[in-house]
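Both complexes shown next keep chain A, but they swap its partner, so chain B is in the first and chain C is in the second.
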Partner chain A sequence: MPAHRSNRPLGWLAFGTGGFLVAFLLPVQVFLYGIAVPLGLVPDPGYKSTLELLRQPLTRIYLFVVLAFAFFHAAYRIKDTLADMLDMRKIDIVLAYICYGGAVVGTVAALWLLYWVP
Partner chain B sequence: MAETILLEVARFLPERDTEPSYQTFEVPLRGDWMILDALNYIKDQLDGSLGFRWSCRMGICGSCGMMVNGVPKLTCETLLSTFAPGPVRIGPLEHFPVIKDLVIEMEGFLGKLQKVQPWVVRKDDFKPQREFIQTPAQLEAFKQYTLCINCMLCYAACPVFGLDPEFTGPAAIALAERYNLDSRDQGAEGRTDVLSQHDGIWDCTVIGECSQVCPKHVDPSLAIQQYKLTATKEWFKSWLLPWGNK
Partner chain C sequence: MPQYSQFQPKPYRPRMSAFWYFDRWPYLLFVLREISSFFVAYFAVLVLVQIYALSADPTVYAAFQACMRNPLMIILNAVTLLFMLLHAATWFNLVPRVMAREMTGRQLSDLMVAAPNYFVFFGASVIIALFILRIL
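And then the complex of A and B:
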């Protein structure tokens, strides 16, 4: 395998995409459901209508994509931070398994939760 | 304003000392002096055994890089008076082995520089009969990276290089991009094997200190991120179109 087939580009692309999605979309999500609705800045859609929204396949795909990439974004950043903070660059393959393992678990959990929306 | 200032200068002789120590010198605090002038005053008037590199005194040769109060600086363009009332602590560039006092070992850096082939590489037998015409846009693509003077301040500032001395590092990657982005060059493929490794661009965690300390306002951090995108495209191409690579 040539040297330039190091698997880092895959993780980096997921990291970059995740960073973009998290920076642009999650703040909107948090603002709407975490701030605007509780403060009454926008009319409360209520439980039933929110659930109805969540039943739409497009909503579920949107949430799945945002969450999955957010997990992989976090995995990349946490792995690098830990490797540098704890001076563990030499064994960063172990950290990679732990962090990306966590991202896979998070992604599967998101998929499972979104699939079983009542 | 006091008429003198104290300089705490790192002293180290590997064959004599086990670890570096700091020696304090009192030098005149002159408004027109750079740190380098104060070091030359010490060398000429106080202690001729002090070792440090310098050459042009005008911020272009890249020889006189040192840590000034913990920050990598070209000492020939760092005013002494800005540190009044002192003391000022002068050390060798961080993350490099020290040969003597303020003189660092730069073989490692020069080896990395050579590996990225920082020159115009042609695949064909290129013998231009006249100037090679470039558009302003083609020049702009790489121009800022030509300003690098190999002073290694970016290596002293880079925490990643501090942790992993094998990291190709900011200046070498910026200079690789300087030629990769040059329309006259055809050597990008040859540089890929060096840059796309774990110790190449992928070691960088975008801390950005390299671009902060560069005395020539080169942005090595940008070069590294640009190349990450290039390397990622190449990676996908090598999987999707394996026949594209020989």
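And then the complex of A and C:
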């Protein structure tokens, strides 16, 4: 009889990797693009220069990895948060499909957008 | 399947308040940490919108930047930053709990074990900032 295999470690691996990437890499992006540049605390590098940065293959690989893992990290936690906070443990499997489905959509969208950068 | 008519035991179903996380500070901190995931998802989507705006043309990117200057967006992004820093701090502070603590025969304090994370965080942040600001 084959041993029962759980798919739990797979989700946790994505969650864990995403947790590290988000913790180390995203706060500075939120601060610069979300607060410092809009408020004029730092000089805005401008459209052309930012597009040039986005055109670099390394930037695109970096963004894809960070975004994909961030989506799966968030999906894992949002699923558990909704189950715990709103007492939705009963529809756990439905929540999992919705959350991971959203993560897959986000990852495919990231791949698509980063591939089609002019 | 046995049939019980009058002595059917009542199943034990503990009822929990929907607001259990307001009971104690550690519960609230736990829930706040979990809520950070919504902000992570929001920011990841925002980055996708930014990539789209950059790929479209300068006018679309200008509209995106004008939207980012909206005070409500700045407040939302400030809250996002706070939640992400909470996620980062709680994540970094986990290391002392899952790693060996012995070094040179002495027990290291939690802060000392978590400290390298903070150094890497600052180093990575500075490097990314230099790229974003197009200095590197």
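Following the convention adopted for this analysis, the second predicted complex is superposed on the first by the 107 of 118 C-alpha atoms of A that agree within 3 Å, B and C clash if a C-alpha of one lies under 4 Å from a C-alpha of the other, contacts with A are read in each partner's own complex, and residues count from 1 in each chain.
We adopt the following convention: contacts are C-beta pairs under 8 Å (C-beta built on N, C-alpha and C of every residue); 3 or more make two chains touch, one makes a residue touch a chain.
Just so it is clear, the structure is predicted and the values come from calculations on it, not from any experiment.
Asker: Quick one: on chain A, after the overlay, do chain B and chain C clash, or do they fit? Just give me the call.
Answerer: Chain B and chain C fit side by side in the superposed model.
Asker: Between chain B and chain C, pick out the one touching the greater number of residues of chain A.
Answerer: It is C that touches the greater number of chain A residues.
Asker: Have a look at where A:47 lands relative to chain B and chain C in the superposition and call it first, second, both or neither.
Answerer: Only chain C; A:47 stays clear of chain B.
Asker: Contacts for A:80 in the overlay, against chain B (first) and chain C (second): which applies, first, second, both or neither?
Answerer: both
Asker: For A:118, select first, second, both or neither according to whether it touches chain B, chain C, the two together, or no partner.
Answerer: The second partner, chain C, only.
Asker: When the two structures are overlaid on chain A, which partner does A:63 contact: first (chain B), second (chain C), both, or neither?
Answerer: In the superposed model, A:63 contacts chain C only, not chain B.
Asker: Could you look at A:89 and tell me whether it touches chain B, chain C, both or neither (first, second, both, neither)?
Answerer: A:89 contacts chain B only, not chain C.
Asker: Quote the smallest CA-to-CA distance from chain B to chain C in the superposed model, rounded to whole Å.
Answerer: 5
Asker: For chain A, what residues appear in both contact lists, the one with chain B and the one with chain C?
Answerer: 80-81, 84, 87
Asker: Can you list the chain B residues touching chain A in their complex?
Answerer: It comes out as residues 159-160, 163-164, 192-193, 196-198, 202, 205, 228, 231-232, 234-236, 238-239, 245.
Asker: Which residues of chain A touch chain B in the complex?
Answerer: Residues of chain A touching chain B: 2-6, 8-10, 12-13, 80-81, 84, 87, 89.
Asker: Could you please specify the touching residues of chain C with respect to chain A in the complex?
Answerer: 16, 18, 21, 31, 34-38, 40-41, 43-48, 50-52, 54-55, 58, 61-62, 65, 68-69, 73-74, 77-78, 80-81, 84-85, 87-88, 91-92, 120-121, 124-125, 128-129, 131-134
Asker: Which residues of chain A touch chain C in the complex?
Answerer: Touching chain C: residues 19-20, 22-35, 37-39, 42-45, 47, 49-54, 59, 63, 67, 70-71, 73-78, 80-81, 84-87, 102, 106, 109-110, 113-114, 116-118 of chain A.
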